[in-house]
Amino acid sequence: MILLLILVPLVLGSMAFAWPENRNRPVFLLVGAAAHAAGMIGLWVRNEPPVLDGFLFLDAVGKVALTATSTLFLACAVYAQGYLRRRDDRDNRVFVGGLLVLLSALTTVGVAQHLGLLWVAIELTTLATAPLIYFNRNARSLEAAWKYLLVCSLGIALALLGTFFLALAGAAPGGPRSLLVEDLVRAGPSLSKPWVRAAFVFLLVGYGTKMGLAPLHSWKPDAYGEAPGLLGALLSGAVTNFAFLSLARVYQVCRAAGEDAFARDALVGLGLLSMALAAVFMVGQRDFKRMLAYSSVEHMGILAVGLGLGGSAVAGAFFHSLNNGLSKGVLFLAAGNIHRAFGSKLTDHVRGAARRLPISGPLFLAGFLAVTGTPPFSPFFSEFVILNGAFGAGRFWVGGLFLLFMAVIFIGMGTTVLKVVQGDDAGTPSNPGFGDSWLTAAPPLVLMLVVLLLGLWLPRGLSDLFQSAARLVAGS
Amino acid sequence: MVPVTPALAVLAVVLTTASGLPGLLLRRRPALGQALSSAALCAGSALGLGAAAAVLSGSGGFAVSAPWHVPLGSLALRLDPLSALFLVPILGVPALGSVYGLTYFPQSLLGGRAVRLQLYYGLVTGSMALVVLADNAMLFLAGWEVMAVASFLLVLTDHEKAESQKAAFTYLAAAHAGTFALFAFFCVVGSARGSFDFASWNGLPAGGKAGWLYALLLVGFGIKAGLMPLHFWLPGAHAAAPSHVSALMSGVLLKTGIYGLLRTTGLFEAPPASWGMALLALGAVSGVLGVGLALAQHDLKRLLAYHSVENIGIIAMGVGLALVGRARGEPALVFLGFAGGALHVVNHSLFKSLLFYGAGSVQHACHTRDLEHLGGLAKSMRATSFLFLVGAAAISGLPPLNGFVSEWLVALGALRAMELPRGDAAAFAVLAAPALALIGGLASACFAKVQGAVFLGSPRSEHAAHARESPRTMLVPMAVLAAACAAIGLFPALLVPALHRAAATWAGLPPEALASPAAQAAASARWVSLVAAALLAGLAALVLLRRRALPGPSPASETWGCAFSAPTPRMQYTGSSFAEILTGHFAWVFRPRIRFQPPRGLFPRNASFASEVPDTVLDLALSPALSFLERIALWLRAWYPTRVHFHAVLLLLGLVAILSWRLLWW
Amino acid sequence: MAAWIDMVFILVVVIDLFTLASSRLNAAIRAVALQGALLSVLPLLLASWEHEIGHVLVLSLGALAIKAILIPWLMFRAIREAAIRREVEPIIGFVPSMILGGVGVALAFAFSRGLPLPSPERHAYLVPTALATVWTGLLLVVSRKKAVNQVLGFLILENGVFVFGLLLAEFMPVMVEAGVLLDLFAAVFVMGIVMFHINREFSSLDTEKLTALKD
Amino acid sequence: MLARALFQMGLLLLFPPLLLGVVNRTKSLFAGRKGLPLLQAYYDLAKLLRKGAVYSRTTTWTFRAGPAVGLASIAAAGLMMAVAGERALVSFAGDFVLFAYLLALARFFTALAALDTGSSFEGMGAAREVSFASMAEPALFLSLIVLARATGTLSLSGMLGRGLAPAWSTAAPALLLAAISLYVVALAENARIPVDDPNTHLELTMIHEVMVLDHSGPDLAFILYGAALKLFLFGAILVRLVLGHRFESLLAAEAAFVAGMVGFAILLGVTESVMARLRLVRVPQMLVGASVLSVFALVLLLR
């Protein structure tokens, strides 16, 4: 089953590459997404034993990320039907194929128990998405693609170095001499300390780059700003989550080796730094897609803080990774619709979206409220749990700064979002034929409803999942 | 007596929350849809009010808890006298407002705008009810934020107007900041107690670091309540919203802040006197400066909004006194302070809504809220002017109306503080009484100005000259409110038992502990009714006497202009000039902006004088500070290069930095 | 035997310094190709023969194929397609970058004391060489204007990482090793494509021109 | 009991106009004139009640309601003032708050009636009235609080009753200060020199008188009578405070009280004769000064 989950998208992707005509190629996306979702449901129903002598196994951590991704990808696949039909001028061969490859790579990351394999898959996600950023075929998107490609590749290379360090830590005679997470964890304290320490630094930088923690975030605003909203949703809602997952696995090893003290400080530090930087860059932001990118930086920061605080906050972090994925999906898809309908993503030109796009406009506002932690949307609960972890652990400064940055970001983001949504759209540039259609408006709407429902009633299964993921990673 | 069941309360919440739906579904037949919406809201309110009345009149409330599967949450509801007391305005006023809206904001004319308004109106009502019923921090916060967002959307009803946009966002940002303070409070307490049910929070220790918690509470709830200097969001928001929304926000929404303050301070074990004194001081400042700022306004609704700040100040003074009483173990202080504050919560919701409805019908008739363009409406809008006068007298704390009763109770509480032992600094709480007197004097001055400038004299503009009386559906809600004001003012003693129960619940004391002050208050209140009766009797007698003395119609003439026989409306004393003497004394804090072009030469051309008073906190402190911060942010960003090399360098530096941090950490 | 290995490591470091100094693109590319070739020899030299020979051979041949032949060929093709001037355009001059490189090498040797190899039978120069190469790669990426140079820097960085990989031959499964190499190839391939578009869009490979995106 | 109540009401309702007569007579003596008869005020009232009234076209029912409400509320306030014996007809804890607010009610309606005419002069007068009153209010409260603290009771009758005798022996300075500021308040509230000149002829400088320019006939009678009543009430407070309830027998107390009232009127007349009207801008300073005095007195008692 797990292998199928990886292979089916891959095969469909290659078929999409081979498929001759543009018109109905997007259907592959739908098929792949549906198959993947079905597979995930299957895995929810019945746990699967490890395969390939323990290289692939879907544990709680992977399950969180893959569930979110599967949902998001399904929504994006539906959205793509409408979106790509409107962009018929473009050749979508690379786009469709790349997305399917991305899905399979992400699945691999989710189930990989071998850090080397994990690294390979992560690098593959970069390579699969870089060309898609250039979908719009203009200088700006080209620049964004190059920056994304170069910065992420460098970061990932460092992550590989870190992975090797980790391997060396266990390479002593009698050591595990393996990169399987469970072997390393079992070896625990017997790992060579200096190598583990060095390894964590390099892996933090590497996967931190992929995750977009400040100051390693520099590729994010460009890539999210220029990519189609659909891709932005997948990058910020799915790919970053898997970078976080990789970091969590590394942290798990560090904890086993008794080296987690620094790791936790570093995570909290980088997390707060990311939130601060996001705050600075969101105030008075005129480009609402770049704004969303910085919001993603902020939320990666929140995840890092949650993981670093340990205790109950870790479960909150996993919960938040799900919430962030879904609500980012809403925001990016709605933003994409608005961008298309106005032909601009600058607040100077966009106004009265709620009037022109009766679904996407309000959704953009609702998504903003959700992502900034307004009850009863689910992100409120995850952020509150993380905050509670901070105060509960007596780290009042962390909690205070957390709240401060949240407040600044709320104001900064709110100013931009409201400029876009409210007011009278008369006299703004218009782009006929890009109003709300069911295929483009329903997916974000459904995601929004999911976010709301999770806030009103969190299924027992999910909350247990977060708990066990936290127990796996942080032993709490 | 109706049995008070959780189902009843839940049903009330659900009905009110969903009351906007008929309007949404019946867009084809707007009138019917709106009527159904209003009916649903009224029905829900009636249910809830029934429950509240039952609890206040002594039938026990309930406290139930059901599992709510979100982190830290549980569906815990509690209806005790304290919640019931706040349920009265929370459910009563919106019901009347929705009736008022039938003609003030008709769906048949305004379509989608009205539909949205009704949706959010019901949502706000339901969430406010949920807030006072919630017995779990997460549930409370959920209701709290839904309330904030829904009311934000209400302020945004006319979202094309720049004024509304600015006001609405200021409000949303302020509300959110306040909520964050509450996050901190709930986190600290919740993680200390290991549960987020209020039930498990009783008897929090008030010593040591708890002062910080209290500060968080003051910020979090103070912003919502509009305590000076956290009131900055309030005038704009209340002015920008449609009048029955302003009534809802000004009359009811602010009170949830007071409720939160009461509910949370009630959890603490013997809070120190300093807490009470702090609240008392804040209240006095809000009261005096609030009414001072109100005097300086010439936008009718901004003026009323500032009066909310004043009245919240009075309420805060009452609560502060009660806190002092708890600190010093003085039941009289506890009861009088609490009763005064709590009763003023109800009273203010009554007369402030009445006044906003009045302002609404004035705007409805004259299409302006500017006092300088109104006047003489008493002839064309007799009913409105009379009802508005009742509200004005009530808010000025004049007998025999309800405003007097609550202010009298607070003043009485302040005087009780004198009985504290010699040398106790808390005894200076007595100065609250003269502060109240000052506030009352200024308020009556301000409403003399309003009543005069709007309804008396002769019209100052065309619109005012051709104003027409508002339809019944707008007058009836006002009449109901006016009647309630008069009833409370004439028979205050009837409310004492309810206030007694609520006070005991809040202070966590057995009712007997407060029995004697309650009894005394009731006795005095009966005397008040007696004097009121005498007043009315005397008035009647004088009127009869006058009728005897003046049979038949009296001759009419021009107003005596001191030998000037051709007065024009423009010669009238305007509201601004009326208030000029007093506002002059506040100039040190208000900084009015004056545009004065004095008459020059022997034959002066048109001279002009215009003055406006910006909000001291928002316009003179907050906005400049924020724009400064924004400039800093932009400046920082200007330094941020965009070349890909720099991005790589950033990566490199990040690596080096973390490495060296690690090395230092070693 | 050990002498040979010393030789190889020293050569690798020398090539690092040479790439920092070289002002001609072709020369730099050839140097990187040579470095790749040397690295592909290392597994054979370092391998402890009692372990399975197949794995080592695969690794060595794969490295040779990709690092020494395929990628350099791609690069040459790219600059031929782009028809650009063959000079390296430095942001940091050649001499300063050489000095920085030297400093990096020195630091690498110093730093490597802190990281004792778990298996002492391995060679002492291995860690410093790897670190120095990684450092050189990063330096090249940030100090050269042309996109091609940045790719070269990335390659050298990867070479440095690869050196570490040598230590793990036993318990790094072939699948993963292959994956790493293929990823590298794919990365360079995609970069090549993007470079091709950059050249068409800006009619140059100068990444200094990529400054349209800002806040 | 009933007899005393009747006597109390009688004194309250019949005595006040006489005060005006006394004041005028004193002033005319100072001016070296013979002056009006002592009972002139009664004559005026009787005449006005008989006369008809003229109303401005701009006015509404508010204008007609003003004088009646004003007089009624002042009279109602009178219920709480003990003029005969110890207790007033109505006395309860905190009744002085009601007392003050009833006077405020009267003021509120007088001001509204003035504004109803739409005349700029009357508007000006109303503005001054409410402004100065809102500053006099705290002074009144503060001085009454001083009494409350000194006598340990919260009802007007109590403050001006038995408790005073011991209070004068223990806290004389505070009481004295309170008395002074009460006198200032009385001057301001009753539109007397140096705050306002009741019989000036320049509307621009008037406060109270200019508000009632348009009233005529019974309305004017109500206003004049209300003013007298108000003066009487303030006088009563001061007199009882100064006398300090020394006399045991009711008769002696009554005699002393009436004499005291006459004395108060004479004092008022003297003040008006020897002082000039203050410039309007100085009035607030005077009132704030009064409040400060009472605060000082309160501090004396509380520390």
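All chains are identified by letter, namely A, B, C and D, in their written order; residue positions are counted from 1 within each chain.
The rule is short, and it goes like this: a contact is a pair of C-beta atoms (placed from the backbone, for glycine too) under 8 Å apart; a residue touches a chain by one contact, two chains touch by 3 or more.
The structure displayed is predicted, hence computed values, not measured ones.
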| More C-beta contacts across B-D or across A-B? | B-D
| query | If you average the C-alpha positions per chain, which one ends up nearest the average over all of them? | reply | B
| remark: dist(centroid_CA(chain B), centroid_CA(chain D)) in Å evaluates to 35
| note | Separation of the C-alpha centres, chain A versus chain B, in whole Å, is 43
| field | Centroid spacing, where centroids are CA-atom means, of chain B and chain C in whole angstrom | value | 70
| field | Distance from the mean Cα position of chain D to that of chain C, given in whole angstrom | value | 101
| query | Considering chain D alone, which of its residues make contact with at least two other chains? | reply | none
| task | Would you give the residues of chain C that are in contact with at least 2 other chains, written as numbers and ranges? | result | 138, 141, 150, 207, 210-211, 213, 215
| task | Provide the list of chain A residues touching at least two other chains, using ranges where the numbers run on. | result | 143, 146-147, 150, 154, 281
| field | Category of the chain touch graph - line, ring, star, complete, other | value | other
| request: Could you list each pair of chains that touch one another? | output: A-B, A-C, B-C, B-D
| field | Residues of chain B that touch chain C when the two form their complex | value | 637, 640, 642-645, 648-649, 652
| field | Residue ranges of chain A in contact with chain B within the complex | value | 143, 146-147, 150-151, 154-155, 158, 197, 201-202, 204-205, 208-209, 215-216, 218-219, 262, 265-266, 269, 280-281, 283-284, 316, 319, 352, 354, 369, 372, 374-376, 378, 380-382, 384-385, 387-388, 390-392, 399-400, 403, 406-407, 410-411, 414-415, 418, 422-424, 455-460, 463
| query | Within the complex, which stretch of chain D touches chain B? | reply | 49-50, 52-62, 64, 68-69, 71-73, 75-76, 79-80, 90-95, 97-98, 100-102, 104-105, 107-108, 111-112, 115-124, 126-128, 130-131, 133-138, 140-142, 145, 148-149, 154, 203, 213-214, 217-219, 222, 284, 291, 295, 298, 302-303
| task | Would you tell me which residues of chain B are touching chain D in their complex? | result | 375-376, 378-379, 385, 389, 393, 396-399, 404, 407-408, 411-412, 415, 418, 422-423, 427-428, 430-431, 433-438, 440-442, 444-445, 447-448, 451-453, 455-458, 520, 523-524, 527-528, 530-531, 534-536, 538-539, 541-543, 545-546, 549-550, 554-562, 567, 569, 571-573, 577-582, 585
| query | Can you name the residues of chain C that touch chain B in the complex? | reply | 91, 138, 141-143, 150, 207-208, 210-211, 213-215
